[in-house]
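Each of the next two complexes has chain A plus one more chain, namely chain B in the first and chain C in the second.
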Partner chain A sequence: MALASTAVGTRRRRRGALAPAMLLVPTGVVLLAIIGWPLIQLIIISFQEYGRAQVFGRPPEWVGLQNYIDVLGDPFFWDVLGRSVLFAAANVVLTMVIGTLVALLMMRLHRFFRLLVSVGLLLAWAMPALTAVVVWGWMFDTQYGVINYVLSLLPGVDLIGHSWLIEPLSFFAVATIIITWQSVPFVAFTVYAGLTQVPDEVLEAAQLDGAGAVSRFRLIVFPYLKSIFLVVTILQVIWDLRVFTQIYALQGIGGIREQTSTIGVYIFQTSLGTGDFGAGGAIAVILVIVMMTISLYYVKKSIQEETL
Partner chain B sequence: MSAVIARPVPAPAIAPAKGAGPRRAMSTARLKRRLWGIVFSAIAVVVFLVSVFPVYWMINTSLLPNNLIRGPEPHFWPDELTFRNYELVLFGDTRAPFLPALGNSLAVTLLTVMVALLFAFLAALAVTRFRFRGRKAFILTILVIQMIPGEAMIVSTFRVLDSWQLLNTIAGLTLVYVATVLPFTIWTLRGFVNGVPIELEEAAMIDGCTRTQAFWKVTFPLLAPGLVATGVFAFIQAWNEFLLALVVMSRPEMMTLPVWLRTFQQATQTTNWAAIMAGSTLMAIPVIIFFLIVQGRMTSGLVAGAVKG
Partner chain C sequence: MRKLSIVALGAAAAVALAGCAAEAPEAETGAEIRVWLVGTDTPQEARDYLVETFEAENPGNTLVIEEQAWGGLVDKLTTSLSGSDSPDVVEVGNTQAAAFTSAGAFLDLTADYEALGGDDLLPGFVEAGSYDGAFYAAPYYSGARVVFYDTAMYDDLGLSVPTTLEEFVANGQAIAEANDGVSGIYFPGQDWYNALPYIWENGGEIATFENGEWVPGFSSPESIAGLEMVQEVMTTASVAPKDGNEAEAQVPYCNGEIGQLSAPSWFKWSILAPEDAEAPGCPDKEATLGVFALPGLDGGPAQVFAGGSNIAVSANSAHPELAKSALAILLSEEYQSILGGAGLVPALVSLGDTIGTDATAQAISAAASNAKLTPASPAWAEVEAAGVLQDFFVQIAQGGDVAQLAADVDARIADILN
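== the complex of A and B ==
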């Protein structure tokens, strides 16, 4: 870290030549040791033949780009990637739409009902991801699940004994419900906070000019909240694309691994399950690059804020 | 979005006013508004029920005897209230005992909070109260690190910890969690320190304090709420973390609560849902309480870049 004091020497700047370095040492050491070093290791290992034998001491062999070629040539990898992207897309769209609708609803509600909605959303948001999966798994239980029971009350429907997790499509439907249920609160609260910033006069003027609810949202509210929508969407994309806990735990309750793995789970299985650390490393590097690209905007936005 | 732009859709609340006389229009408009009010309130109740039901169902199931749960009809409230499930989870003789896992979770989480807060506090001071070359680069690095998916890092994290003999140790997992929560913690604390005007310190220095004294006596007390909020955030993160705990703490006696919950589910072969729900409740309650304390700050911290932009 270069800490030579800058040309313009105010009192603060000159005195603080060494102090900030000392203050940054603990953070620097931890991040270098636990993030930086493993990241370098990850990149190295992705260019090596590294399997069970190497874990037990045989020196790894350099194979150049072979791991990447293998991974990118494996149709199963593309299955998993396509599945992850589709799944994330569905979740992001659903979460954003429902979250925005709930936020708009909260604007229209009287105090008591707004409080009611807020409390409900907070509880859903606060549930740890793993407990959420376990509870929803119980609600969707084949034999004694409350959802099968309630649906079977409908005339002509008999779902007792129906397994929601065995078939990939309905497995992902359940996963989508769980993830949307937990992500809507963040979107709703954030958009709601943005909505309260939209000046009332503008909306009233538009209403007097005959703009309906839909065009008011499209022409006034949306432009006002554009950057909020962008950042929230990016965060959702990042979170949903790298989803691990929900899928992994749901597979434990009753899904078929091969047909339901997303990219995060796939890395875990390839590396620690199958023991092919080289291929797992290559997939991981690809995932890191994809994530970095997507999050560029978020980082840029945050940095702009910082320089102001 | 459709290509048709700016075609004014007739507003339902206003449209009738054009046809009927002023007084009647007023009352229809009011009637409509009241009707919409009822509809919106009804939707609000639905949103509330959908959000709360899983949480309620978890607690409800945890309070019912296991044989009732496996009946043909679900019990929608705990009409045969029992605490047996909690007893079983806490003191029962299972292969996956709860209390050691709780101990591990508490140790790792509390250590993480303390170390992360201390380190992040120092770093936040450096980037807010000093101007030095590399400051922006440091902040950029922090933000970028936050975006590296942990899923991608598990293998190398595992190997690096292994080479340092830190697998299956409280210290090892704590170290990993500290690194995981540090970026966000620094970022949030930075905001809080920025919120305290430097002029306050300068005034104290004019009155004869040294720079360090001025900081500890003036700024630090004002940072208490920020430290609490950030600490709670770190607590929730560490308490809930599942993947790294699964990889780093593979020995049964070193499990943390999330790993325990999953093993417990498999260990009781015929899936004792009542007991699992009791375990879930025990794990979720501290998080829910803490979460309610800090939720406002978490939202604003995450979208700070967007709200002003």
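== the complex of A and C ==
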């Protein structure tokens, strides 16, 4: 496939090298407008005193680095950031491990059951995040939740009226269940697609040489799928670090906002709740920098490895 | 020729892309006025009246009511009112109005003040809707909080309607003790509106304006006394979720899990909603549904939270004159009388007797006579939107240290208000 396109490219280059570029221009302009413009706006706002009055047209005032100084000097910001990093780390690890295990399971399954698992995964994946939170919220409901009811059927357990969201740790456990449940399908499908590309002969040869399942995965499958794992992990880190819907919706159901806000929710609360768009912008810019650092590190590493 | 084809290609791509985003040609059939009403408080009869009257008075134009939710309203209004696709007329909570009047989100209605009702408009709400000497948001309705109770549970224990706040609490504790799994006073942790009377009755304040600065008052000795009472009620008389909110309280009520609860007067219709409604109630419990005004510490009606709404025209409305005519209908005697009939205190003082004379109406009038507002600061809406008080009372419900929590919440409120 790659060979073919290169050949076509060389043959056509003389005639119309500009054509592909021209085709890209409109898309490029649109992308720049819808991604670049808001980002520039965000950066501008983060250097301004920008409140609700400015939203409605009063001219904003430039305050230099004041928003950044305020945000970085606020211990609450560091709490939120630390909490988000820990939460994202736990979710990424859990999602990657479960997703990979499901993918390995799908390799072993017969056709019918593989279809069944795929459909189940797709349903979880296709469910809108807000709907998922509402449904899980009902299941964990303090008064009428099915989880409390079923667990209380066990002898010696009385969880009737137990609130799962009031303790921060328990709140994040519920959030982790919801988020992992919805992100496992993506990891499972991607890894499964990669697994089907691992040549059987190599695995067979290794098996004949006496390699166990774990070493076969570690020494053969993992190196083959390294780039897939890399990309999926980066995506998961970014998604889990900026998670918003699940936490925000769950806070409406129960729990204490102050103790459970992650960075995405905190940006929203600062900007729209408190009406301080300047500080919210500064936090968002900091988050962008953090995420770009993570991504760039991995991208750089993967490029280095490819050239070696 | 070659260059031309390249240009054509680019243009074709651009046209194709633009085609995706192009809108259907606008068919000019007159203006459509969008009215945002919040929650289900406005009865259907009033909604129908508004649409029909508007379309009769402004032939060729239409009016649509878009119902919004109370949760997250400040956020939603901030984004939608500032855009080019702004709704024309919006309802906003009376304690939230100042955030928008001070920001210039609403059209100046000072010139229309007399036409809309003038001095007949509810004074506290006119104040909430005014900023810097200009009138932006008219009163829409006021709703007092009254106590609904299960008369059967009262009879079982031989209780009588309380005359003081302490008797009310004692009744609640008696019901909770006698009935396993029943809240004598239903009090979910996030329900901060219902915690305010305990603080006010003990002489405490949320915040007072002193020497050009807001001084929060939750840690005053008076407030602490009130907060301790709140904690006592939450922990000894209520089995409601400690971190739950007050929405959908008709579900536990209809399940027979509530002895007494304080709620806005229109909550009666949530309880008595037909069983096949979208949010079903239990009309069969009408016979045992009692109502009284929350009693104060020294008898008489307690100082309760004066809930209610203001209504305004968006400064970004594309059809301000039509929007104003819709506003005039919303404040007309006919429309406001329909609201009065549904148990809401009308925006026009002269229509006060439209709420009727039954027990509910009497309780509403008594409660409204001593109702009180949250601090009149433009930043108050931010305290609400940030969920500061919800967090605070959830922690109180959890059994936290009242003095410490009060000091913390005072610091947060001072930070936001000043």
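Please note the rule applied: the second predicted complex is superposed on the first by the 248 of 308 C-alpha atoms of A that agree within 3 Å, B and C clash if a C-alpha of one lies under 4 Å from a C-alpha of the other, contacts with A are read in each partner's own complex, and residues count from 1 in each chain.
The criterion applied here is as follows: a contact is a pair of C-beta atoms (placed from the backbone, for glycine too) under 8 Å apart; a residue touches a chain by one contact, two chains touch by 3 or more.
This structure is a prediction, so every number in the text was calculated from the model and none was measured.
J.: Is A:G194 touching anything from chain B or chain C once the two structures are fitted on A? First, second, both or neither.
T.: It touches chain B, and chain C stays clear.
J.: With the two structures laid over each other on chain A, which partner does A:G252 touch: chain B (first), chain C (second), both, or neither?
T.: Both: A:G252 reaches chain B and chain C.
J.: Applying the touch criterion given at the start, work out whether A:L272 contacts chain B, chain C, both or neither, answering first, second, both or neither.
T.: both
J.: By residue count, which of the two partners contacts chain A more extensively, chain B or chain C?
T.: If we count touched residues of chain A for both partners, the winner is B.
J.: Quick check on the superposed pair: does A:L165 touch chain B, chain C, both, or neither? Answer first, second, both or neither.
T.: second
J.: Identify the partner contact of A:P26: answer first if only chain B is touched, second if only chain C is, both if each is, neither if none is.
T.: Once the two structures are laid over each other on A, A:P26 reaches both partners.
J.: After lining up the shared chain so the two structures overlap, which partner does A:I35 touch, if you call chain B first and chain C second: first, second, both or neither?
T.: After superposing on A, A:I35 lies in contact with chain B but is clear of chain C.
J.: For chain A, give the residues common to its interface with chain B and its interface with chain C.
T.: 15-16, 19, 23, 26-27, 30, 143-144, 252, 268, 272
J.: Enumerate the contact residues on chain B facing chain A in the complex.
T.: On the chain B side, the touching residues are 1, 6-12, 14, 36-37, 40-41, 43-45, 47-52, 54-55, 57-58, 61, 69-71, 73-74, 118-120, 122-123, 125-127, 129-136, 138-141, 143-145, 147-160, 175-176, 178-179, 182-183, 186-187, 211, 239-240, 242-243, 247, 258, 261-262, 265-266, 273, 276-277, 280, 283-284, 287-288, 291-292, 295, 299-300, 302-309.
J.: Please give the residue numbers of chain A that touch chain C in the complex, ascending.
T.: Contact set of chain A toward chain C: 15-16, 18-19, 22-23, 25-27, 30, 51-53, 55-58, 142-144, 160-161, 163, 165-166, 251-252, 254-259, 268-269, 272-275.
J.: How about chain A: which of its residues touch chain B in the complex?
T.: Going by the criterion above, the answer is residues 1-6, 12-13, 15-17, 19-21, 23-24, 26-27, 30-31, 33-35, 37-39, 41-42, 45, 102, 105, 108-110, 113-114, 116-117, 119-132, 134-136, 138-139, 141, 143-144, 146, 149, 181, 185-186, 189-190, 193-194, 197, 207, 209-215, 218-219, 227-228, 230-232, 235, 238, 242, 244-245, 248-249, 252-253, 263-264, 267-268, 271-272, 277, 280-281, 284-285, 287-288, 291-292, 295, 298-299, 301-308.
J.: Give every residue of chain C touching chain A within the complex, in rising order.
T.: Answer in residue numbers: 2, 5-7, 9-10, 13-14, 17-18, 71, 74-75, 78-79, 81-82, 99-100, 102-105, 181, 189, 239-245, 251-252, 257, 315, 379, 381-382, 385-387, 390-391, 394-395, 398, 416.
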